[in-house]
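Each chain gets a letter, A, B, C and D, in the order it is written, and its residues are counted from 1.
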Amino acid sequence: MQLEATELNMLRPLLRNVAKQSVATAARPVASRGFATSASAPAPTPAFNWEDPLNARNLLTEEEISISETAEAYCQERILPRVLQAYRDENYDRQILEEMGELGLLGATIQGYDCAGVSSVASGLITKAVERVDSGYRSAMSVQSALVMGGIEEFGTQEQKDKFLPKMAKGKLLGAFGLTEPNHGSDPGSMEAIAKPHPTKKGYLSLSGSKTWITNSPIADVLLVWAKYQETGKIRGFLVERSECPPGTLETPAIKDKNGLRASLTGMIHLDECPIPEANMFPDVEGLTGPFTCLNGARYGIAWGVMGALEDCIARSRTYALERKQFKGNPIAKYQLVQKKLADATTDATYGTLAALQVGRLKDQGKATPEMISMIKRQNCDRALSNARTLQEVFGGNAVSDEYGIGRHVANLFVTQTYEGQSDIHSLILGRAITGLQAFV
Amino acid sequence: MQLEATELNMLRPLLRNVAKQSVATAARPVASRGFATSASAPAPTPAFNWEDPLNARNLLTEEEISISETAEAYCQERILPRVLQAYRDENYDRQILEEMGELGLLGATIQGYDCAGVSSVASGLITKAVERVDSGYRSAMSVQSALVMGGIEEFGTQEQKDKFLPKMAKGKLLGAFGLTEPNHGSDPGSMEAIAKPHPTKKGYLSLSGSKTWITNSPIADVLLVWAKYQETGKIRGFLVERSECPPGTLETPAIKDKNGLRASLTGMIHLDECPIPEANMFPDVEGLTGPFTCLNGARYGIAWGVMGALEDCIARSRTYALERKQFKGNPIAKYQLVQKKLADATTDATYGTLAALQVGRLKDQGKATPEMISMIKRQNCDRALSNARTLQEVFGGNAVSDEYGIGRHVANLFVTQTYEGQSDIHSLILGRAITGLQAFV
Amino acid sequence: MQLEATELNMLRPLLRNVAKQSVATAARPVASRGFATSASAPAPTPAFNWEDPLNARNLLTEEEISISETAEAYCQERILPRVLQAYRDENYDRQILEEMGELGLLGATIQGYDCAGVSSVASGLITKAVERVDSGYRSAMSVQSALVMGGIEEFGTQEQKDKFLPKMAKGKLLGAFGLTEPNHGSDPGSMEAIAKPHPTKKGYLSLSGSKTWITNSPIADVLLVWAKYQETGKIRGFLVERSECPPGTLETPAIKDKNGLRASLTGMIHLDECPIPEANMFPDVEGLTGPFTCLNGARYGIAWGVMGALEDCIARSRTYALERKQFKGNPIAKYQLVQKKLADATTDATYGTLAALQVGRLKDQGKATPEMISMIKRQNCDRALSNARTLQEVFGGNAVSDEYGIGRHVANLFVTQTYEGQSDIHSLILGRAITGLQAFV
Amino acid sequence: MQLEATELNMLRPLLRNVAKQSVATAARPVASRGFATSASAPAPTPAFNWEDPLNARNLLTEEEISISETAEAYCQERILPRVLQAYRDENYDRQILEEMGELGLLGATIQGYDCAGVSSVASGLITKAVERVDSGYRSAMSVQSALVMGGIEEFGTQEQKDKFLPKMAKGKLLGAFGLTEPNHGSDPGSMEAIAKPHPTKKGYLSLSGSKTWITNSPIADVLLVWAKYQETGKIRGFLVERSECPPGTLETPAIKDKNGLRASLTGMIHLDECPIPEANMFPDVEGLTGPFTCLNGARYGIAWGVMGALEDCIARSRTYALERKQFKGNPIAKYQLVQKKLADATTDATYGTLAALQVGRLKDQGKATPEMISMIKRQNCDRALSNARTLQEVFGGNAVSDEYGIGRHVANLFVTQTYEGQSDIHSLILGRAITGLQAFV
């Protein structure tokens, strides 16, 4: 299924327009008026909104609210209807990324290059809207936006930026990010992929190695692959263009029969003496700084995204609990054990959103640290997963049917907890930051 | 032990001064400059601070930072040294309230009446500073500030305000709040205390009934007692002045041998046909609106306060873990199981602080709802308690010694979880708000 | 894939032989010798066995050990190789039930009718062996053995027993159990299925109604359906033989795209004025006693079975942790956070096994109560699920591959927690037994 | 308060009598009759008993039941009335140990030396009865029975046994066990206490060092102290008799103001060149084998004891929940959230009891391993503590009063989790046993 051009047009203008506005007017928090203690005329009686219990919206700018609404509308109307079948079939429709590109959702924080240039909070809201539908769709987008476009923008040459970013922003070129190797998950520093001088092609390197669990890899056009640069023994980043690879030097087999994230594609990357122009190497960044910077961006997005998935679980289980009647015709929403599950989940959803929002603000002020991102990535994934599992109990035996959607979120959220830093690894990153002592080994 | 006048003078000016400033200049968030996406010149490299991992300080105004620092300095220097012995002896030094009054910490959000008139966030920061030392000291202050002064300010006549608030602000008059009865804890609407027309004294009511678990009651000068007004059958508030009660009409026996909050006084209130001038009744408020409004204020403070207690537990266990060496001379802070406890606790402390701060901002904008306060009271108490208990394990067998302080916090935090709405009750309040169905019975 | 006759013959003799033995010799616990305090000559030094940490085997008779070994051998050698593909395809090979029948694993506690007549503990060990491979295979067997054969043996007429039990014992007739209706899950007393006098066929009833989430229904030959008997308004049991149902009166559509238990078949049962001979109605049992007695038997089996699934998760994650190396070549099994997960899981597995074993002994002594079975069903499902999820974390990103098997167990175990009494329902059954007060409504 | 001689006489005969019986008749499980599948005539309908939900009693011999009843009667009638005040005052009445001695409760598994010679399960039942009242009383008894008498019986010379055991069995001599040092808790192998040849006294050693957190130390008559034997550098055990120590060579100051276990005495042991006859050294055992063997015995007892404390918490909170009425006069026992707490706790209590019982049987068969004891010590302490804390919530604000007893159990149980191997240490012991890899450093 594909969006009609006219439908997209209805959604499209908004994001790019507001983005432009935001350059013009210094973004002012909608709520800033009221930060002083003397609120002039409080609204009649504020009402509690279970979908935003602590009124995080109050912290958003008007621009951010607009962006969020556009993204939510697109996701609910356009991609939600596709996900059930896609998940069953382990199928990803790359059209989705083009649609996102049309709306300006890709690489949205980047200034220029046809990107929207919105705030980090706005990009978090986009991420949340997508993951409210499915973590797999969000993963595909995160790889494109945070890992690959973010990496190019941060570390690429001007030529690399000019060449790749505008097409990626439109979803015309699809990216993948190759860091993890089969034997090196939590410890990428031990990677074995290597870039040697090419034996025959002048100005080229020869790239060899295997990467695994690579989102988008089977269909990606541009693969940002990290490998040890033989000359220095240090890790460097390489932009591998599929269309330029001679046959047999690049294979990207899909990994099938996954337990989760089945609506996104995952695969391996096998490079066998693949010739890469030196111009496709990132110019300066060496060691793990490069990939970790990219991962930070992606992790930041995950921390937002999983809150969307959790909110969807809350909405679905709340609806079910109100409609499902047991024991003398009472809706099960009336039972204490059910209400507690809902209360716990909404609390964690709103706390997690506030924390992600805070880190987003700090990011834009240059005050965010990687440990902050470890904290919100770990906590939000853990709490989203834990609450989603508990909410799944509300469905009783019916939870086994995939049509209720919550089982899909549960399966997806488990994966989000394990990738881009399994929670235990982030615990130890935090532990090191707190104590000054490393406990990895 | 009592503060020397000169010492107090060193601390004192700050709070009232900043408060005055805050009237003059519209309070502007320190961080507001940076809310836009184009942060002009980011600081070199931001550092992770385990004491404020998500940089909540960035959301404070300069005034709020000043107030927080004053309160923290007072609490650490003046009341921390007294708490160990006070807790052992179940003793509360009412001098402390006078000192707090001197510094302007009491009823701090109230405008006028010699109160500081600070923001709700500032008052939260004061609360946190006090509870970092001990939840009992915070309880005594909460009763004075939120429950009694807050009640008078919200519901009292002008005469009542003029008569009581200034002296209470200085800590010269000590307040207590009588709502809970021996047989009516979570369900105060069933209270039995009653105010009848006084049989002999013209213009007086005759107040009878018993209240229990009343903080400060044994030494309180002004007791705000809620009772059913016989004429209407509705709950009304009465200001009972101990000095005016004829012998035998008011008894306030202490409850001793408590499991927690031993540094604050707890007692009962027995009223036996106690004559109360009609002028001491709150003029308009009827039903549970009155006490629940007061409780909301107190619960808001608890949500802040317990984060202070938790932060103290983190600091104490971190220090212990760094100093304690086991197995080949390694500090136990190097062990994964210890680091995870610290990572979990710091995460919950900072998430809880951000949530309380958000509600504080909403309060001042007239956008806070009671359910929001139920949410942060419940969650912050639960997480503070749970993490404090886990951190206590770091101390191994040494935890049994009261000199490490953490056992005291654990015992206190359990009480905070049970009073002013036990967590299960707040779960059901939230459940009702989420589902529209009540599950209390 | 099907067992060769010769292969089955190698496994087959054991179970029926030992079963016969057990009639001859009063079953004596292997360990009974040592129950006295004066153990004559203790073995050299006992070793800790992580697969049976508290030596539950010591409580088994020699017969039970033999049966367990036979069942484990069959399951590991014959059904384990089929499960991965079956789960992917949502396919159940009914050949499996025939093989189980050949080995005497079906209806194993029943005396006579070609059943093995073993102890309840032995039947628990069989269940555990099957669920060590997959909860779906165990479900298919539980329905056959506990729900249908158990129901017929307990409540059927002699003719019903003679007609159905021997063929079911051999796996020649496949059973299904129809209790749950689309709108009545936890509260079957409100069922709508009804049996009226048949309008035309003498000696027949006319059965109408819908049942859902019925294991085996799409391929079952005999469906034990519970429905209200119009004459009395009370629930009665009916044996519906598919081969006898006129076209259009019985439909059993499969439910596909399940989140778990995909290696077993699940479906609905639609009965539309289906004629049932009166001789196929259970003679005496009325109300919920009938189905609840059957469910008790099945729940008892689940309590054993899930411990098998958990043990498999432990074994798989232990192996993975020993083989997976990260950070300086250390196997991740060396990390504290990993060891804790394994320690927790083995503890719960062995505690749960001891509890199930105890209830098994009590069952055979006529001392078991339904609440006991609620307790072990709830606790063992909950703990199996919770630990399986935690162990899944050990696999990091690799957990998403279905080849590690643990994701399948996690998905299955969630379903075991929700069927035959969701855990919350069992909590309330226990709560009622403890307090004497019911809290369902 | 002291037992009257006549009262003790009423209780006393039982234990020693049954013990004698048990030598005559080979102890046969009461339940062994029914282990076969063909239970002859099952009792009418078995009833669920919330105090023993899985009928662990069914596994006991008649002797064990008698012993348990004697111990329970003594504890409930004689020591329960003293504990509230003792806990408040941090006071231990050494008379209690004499009473226990009179009843044969001390060193009860030891054969001869005036000890009862009962099974390990019987001794577990005694322990449970005592800890049902208070963990402090159980601690005092554990030190006497398991650590000191157990150590002497296992490792002492015949002379040491003859000299100490009979008087200790009667409670006439009180023991203490000195292993832990101020800087060496979880890692006793690094101890600093040392035994050198005595410079002046022939046949004497000179013992120096400090021990801390020593139960009973302030009033103990015989202190089993572990120290490095200078001659070999290996750890050896020394029996220090207070009455023989010259002034200034032995100090045992009490540690006051404890957070828990306040009904037992805790102190330090300071030895300053204390002369010890060589005959008071254990003859053969070297290294940590000695103390760890003693600790195993004590830990086994703790695993039983904490189940008694938990059962008392269940009984107290159940009673409270049935009597406490809130919201329209409903007892709070009727609320789902309360029932769940009770269901969880009773489940863990009975699971833990079954596991401890299993290890007891294995102990007497020579089949128990230290890891088994680590498992039940860890799990039972953890679950007892966790459930006790949750049950404490049932009391709402009233929990702060010490008269409900549950706060005392909570505080005590935390200490049981940290002593004799903090739970994390036992996790790593188990982890090592499961994986073959140690993760302590």
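Following the convention adopted for this analysis, a contact is a pair of C-beta atoms (placed from the backbone, for glycine too) under 8 Å apart; a residue touches a chain by one contact, two chains touch by 3 or more.
Chain by chain, the UniProt names read as follows: A, B, C, D = Glutaryl-CoA dehydrogenase.
Here the structure is a predicted model, which is why all the values come from computation and not from measurement.
Comparing contact pairs by residue number, the interface of C-D is reproduced by A-B among A-D, B-D or A-B, since over half of the pairs coincide. Here chain A and chain C face each other with the same set of residues for the most part; over half of the interface numbers are shared between them.
Mean C-alpha position of chain A lies 41 Å from that of chain C.
Centres computed as Cα averages put chain B at a distance of 53 Å from chain C. For chain D, residues touching at least two other chains, in rising order: 335-338, 340, 424, 427-428, 439. On the side of chain C, the complex with chain D involves touching residues 22, 26-29, 31-32, 34-37, 39, 42-43, 46-48, 50, 53-56, 58-59, 109, 117-120, 318, 321-322, 331, 333-336, 338-340, 342-344, 346-347, 350-352, 354-355, 358-359, 361-362, 364-372, 375-376, 378-379, 424, 426-428, 430-439. Of all residues in chain D, only 88, 180, 183-187, 213, 255, 257-261, 266, 325-328, 330, 335-338, 389, 392-393, 395-403, 407-408, 410-411, 414-415, 417-419, 422-424, 427-428, 439-441 touch chain B in the complex they form. Taken together, the chain C residues at the contact with chain B in this complex read 335-337, 340.
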